[in-house]
């Protein structure tokens, strides 16, 4: 089940960072959904490296080739398959990783799990590069949800202790997120970029928090128990490397306030049931209540830092010092923003299919 | 898929709070695993209501009857099925819920999703009572994991702003959790109990945070991407009603420290690879690294409070005031502790089966 | 996954022949579907033993108790769970089975698979009795399909070399199947009953063939490749013990005629696309074409015969002679007829949910 | 679920006959399994068209490019992805298919299901060409099973009323199948080839039956009920276009003989439990019994024939005559032989993983 997700749709992701290519197969999509490939490329570019001065200088084209599933701009009912060719790889940088695992990476756990047969180059299947096919699938789901008036947007809410403004949970202004750097408040974003630049200069890295909002959701999406929206979203968001926390609505703050304050009381607004607050983040009993769905995901600092770190030689079973060479993002949080949106889009679209599948068919 | 979980095992949970009974079917379990029903009952009693002065005065027997799957104290390879009969139900308390949904409950979302056909009494399938069959399955998985030296323990780490001591992430002392009230520091636990008593007196409720640790895990459990341990655990923990946040290791703190501090450097200890710190909570790339696995889950305050709250009449589409009668826990956090353990046990056992299935066969 | 079936619905079957009870959980069913329990009982009685002179004299009540999922005669959206208590069991009859496996039964393979931990009494989880919960699920699905004008009927087409009349593949008269003995031609059915009586007198058993037809199916059900209607139906029909063959339309005859004869040419009838023949049995490319769906399933003779047979002692690893005592059907084919209908109903309803899920919601 | 198969492995097949490419993703395969690409190509060539005088003159290279999952000749634990580029396509041949469906093809059902958005060219996702990626997956599984001494072989047992010799069910001589034309008896095979040539000359086509045997299987593979070997194999074999019947062991003959004859009595041979006959085809209760597994699958005559046939115009809703142009196999049975082997290999390997997963890890 490792690299396959979904209940109504089936998403299968393949590839290794330095292999021939990476890609995805997306099965179970209704026929007749429009596909805007240019819009998809704009979305993919938000994740791609080398687009700006705060990420890795590697330039990789995240240009997918679609092998099947799309005909004349519409889905045709067959599984959608897309491939991104790997280029500009430098395997030599990673030669030592099987013996001397990088702290914070999957090198060691992959070595144990796959007994040395894993593709260690560039992190192999564990590479952050595998979020590119996730973005292909998510970018498509995002387009289709937008057809139904459902919008997904995210921004960096925290970065190395610096906070952005936050979404209004009653009416998150997802379209106000800046294009250059994904924050609501560009002044605050500039300070974040300074923190990233400082980390780079020091051979270090920084992490952050991403706030994601989904607007326009109908009430009634999701299922009880294991099919709840929180389970569905958390499950796929945790597949993004570096995520270490996910919370919905006010999240961990529920541990500190009384029920009388936490409960979102009901009201009627323009003939529709609404809540006066949105502490629950739009989900009750696992099912959407028609209010905006909000969640936060924490992203750890890039583990690849250029400072010397203590590691071990697995062949000699002795402590050693490791210096990671090569070019690495001092902060992956900005590039993770569209990935979080993509993951949310896939989970929501999958749940939507279960409930409203026939809405997609005329 | 709503009430079915698992990759190698298949857990199916059924029942409504005030129906004839609740229960579970657990399929895919190897034959020949020992089952200690007395030990299971002790575990189930930790969740059962009415056992103490900080929970609801309702007395319900959570005594499962096993209909299949166990013969002479061992699993026989057939699916395990268990039923708990519902007794001591008082449907009258809940007559109004379909028209006037309780804030913070699934009443409204269930009404939308099931069009009025849902069993509203006592929350129906959304009731916290459905965590009892989860504890049957989890209690069994816990026993089987203990056969392999894997132990799971949890405690209340926060309750309405009051904290307990925390687990040592390098060596969590899960056996030091108190039996009467699940904390490490009983003095701190007493203050928590006072907060609960105060909430009860005020017709209010309080939430909290649960810290859970798993020790004795071998390295190599879990899979990349969607099959990662974080995805597996988060997915099932979010099926527990009231959970609004889950984080692994130091969780959201990764947003505030540099990579040089967050990375867990490797070392050799008694001929085994270990890490010098355990910020990642025992999981790298979705796969266990042999260190203790740690996570936190936030539990919201019981939404059922006796104070008047604003709600709406769905039939008249107008705002109304709601007063919830009946007996309710002012705080479900203590009873949620074994439920979190159960959820973790199911997820870990499922992952274990994938990797070490044949260990269960002689 | 052994005892769990379905894509949109999730059917989980549990129990052993001589355990406390057998039953099923059926998850994923829309809320608001009517349930007629009396009609269901009539259906279950067609499978139940001891109802007539051609089956086993054991009298077992196949009276399910519904524990959840149904409220006031309608599905409520929660999983449907039902239990049938086991009574009138005689474990003593089966004491020797773990050492000396019955030819044609699963005794030996269960011993190998479960290492002696299996519940051998009465065949345990492998008993034909487990088709009772399959009939609960299938009987419900049948009712719901009938709401949409889809009818499923089966009859004995062959029994020990004696044939019944066959369905007209263009318009199968499923309502003409006799109630007393499931054939179209009662005179032919009487000869079959004589063959059964003769087999009983000789301590032997006989097998047969069941023809099943589904009428009223819309075109467009099913999916390409692994989701085809043939795959879906074959997969669940082969879960019925004793089935050794399943074919669609004219089945194996396709090996003997040319394409010009086999192809079903298209025509227009009352403004609708039809085919002039129905050799394909209503399925093209895995998807229904709007013609009746027809298939045949072969049922092997009951392996439990009273004649002495050669077996082995697994403990002594030597050849031995086995005489099976107890009461057994000399022919299970008549009782298998509703089971085949049930299996088909589950598969069709599952496929229907995928395509027309929202039709069930107003 | 349409194009995704498997319990422990996850096979996802994509592509349309005349799209950019076809391929597969195979997830869940243990790391460290050897891959012999030359041997795989030899296997794929058995299915590829244009290799001989009895199939279509189209020459297509079924040369897969592996994008991920294999490093230095071994599986690396990441999903295996392979693509075959489509070449030598002639879309013009198929322009009319959306309006005027070919009898016996999926043109009409695809039109209904996908509302005209399907890729009709060459049958799109329903094309027999999609069995090429099935053969990639199956060819790999076949190699891995051979490592465990499990061999799979098939031959044409019937073709247009002409029969080959049959496998000895106690010891099927799968290595005696001829290479040029997959039969056991080449003289009989020549008569089959004459029948094919005659059908071609007449603008017609012929079908046949394939007998498949699996030797070296350990006892204990498969699961009860829905996880039985017959369910697993039937489910995937029915995904092969044109299959209309599958039976195990003596198949439909069970309807005609008594239990005393059908039962396979047990014996001891060289210290191992065997059966004296193999009527059940190596499967009891869904689980392998250690005897060879045997099944038959019937393949319908190629529906594409050059004779004029009656069809309809869907736009004008009137009867019309259709003449199919282009090059088509007068008989796909020989090419279907490796496809049946591939399907069986996938099903068996999937079941094997569940039971003996750890055998694949040192």
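To keep things simple, chains are lettered A, B, C and D as they appear, and every chain counts its residues starting from 1.
Keep this in mind: contacts are C-beta pairs under 8 Å (C-beta built on N, C-alpha and C of every residue); 3 or more make two chains touch, one makes a residue touch a chain.
The structure displayed is predicted, hence computed values, not measured ones.
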Identify the chain pair with more contacting C-beta pairs: A-D or C-D.
C-D
Farthest chain (mean CA position) relative to chain B:
D
Length of the line joining the C-alpha centres of chain A and chain C, rounded to whole Å
46
In whole angstrom, how far does the Cα centroid of chain C sit from the Cα centroid of chain D?
26
How many angstrom between the C-alpha centroids of chain D and chain A?
39
Where in chain C do residues touch two or more other chains at once?
1-4, 13, 78, 110, 113, 125, 224, 354-355
Enumerate the contact residues on chain A facing chain B in the complex.
1-5, 7, 13, 101, 103-106, 108-110, 112-113, 125-126, 130, 158-161, 199, 204-209, 219-220, 223-228, 230-232, 234-236, 238-239, 241, 243-260, 262-268, 271, 273, 275-276, 280-281, 284-290, 296, 298-305, 307, 309-312, 314, 317-319, 355
Per the touch rule, the chain B residues reaching chain C in their complex are 1-4, 10, 12-16, 19-23, 25, 27-28, 31-32, 65-69, 71, 74-81, 83, 110, 113-115, 117-119, 124-125, 361-362
For the complex, which residues does chain D have touching chain B?
78, 224, 354-359
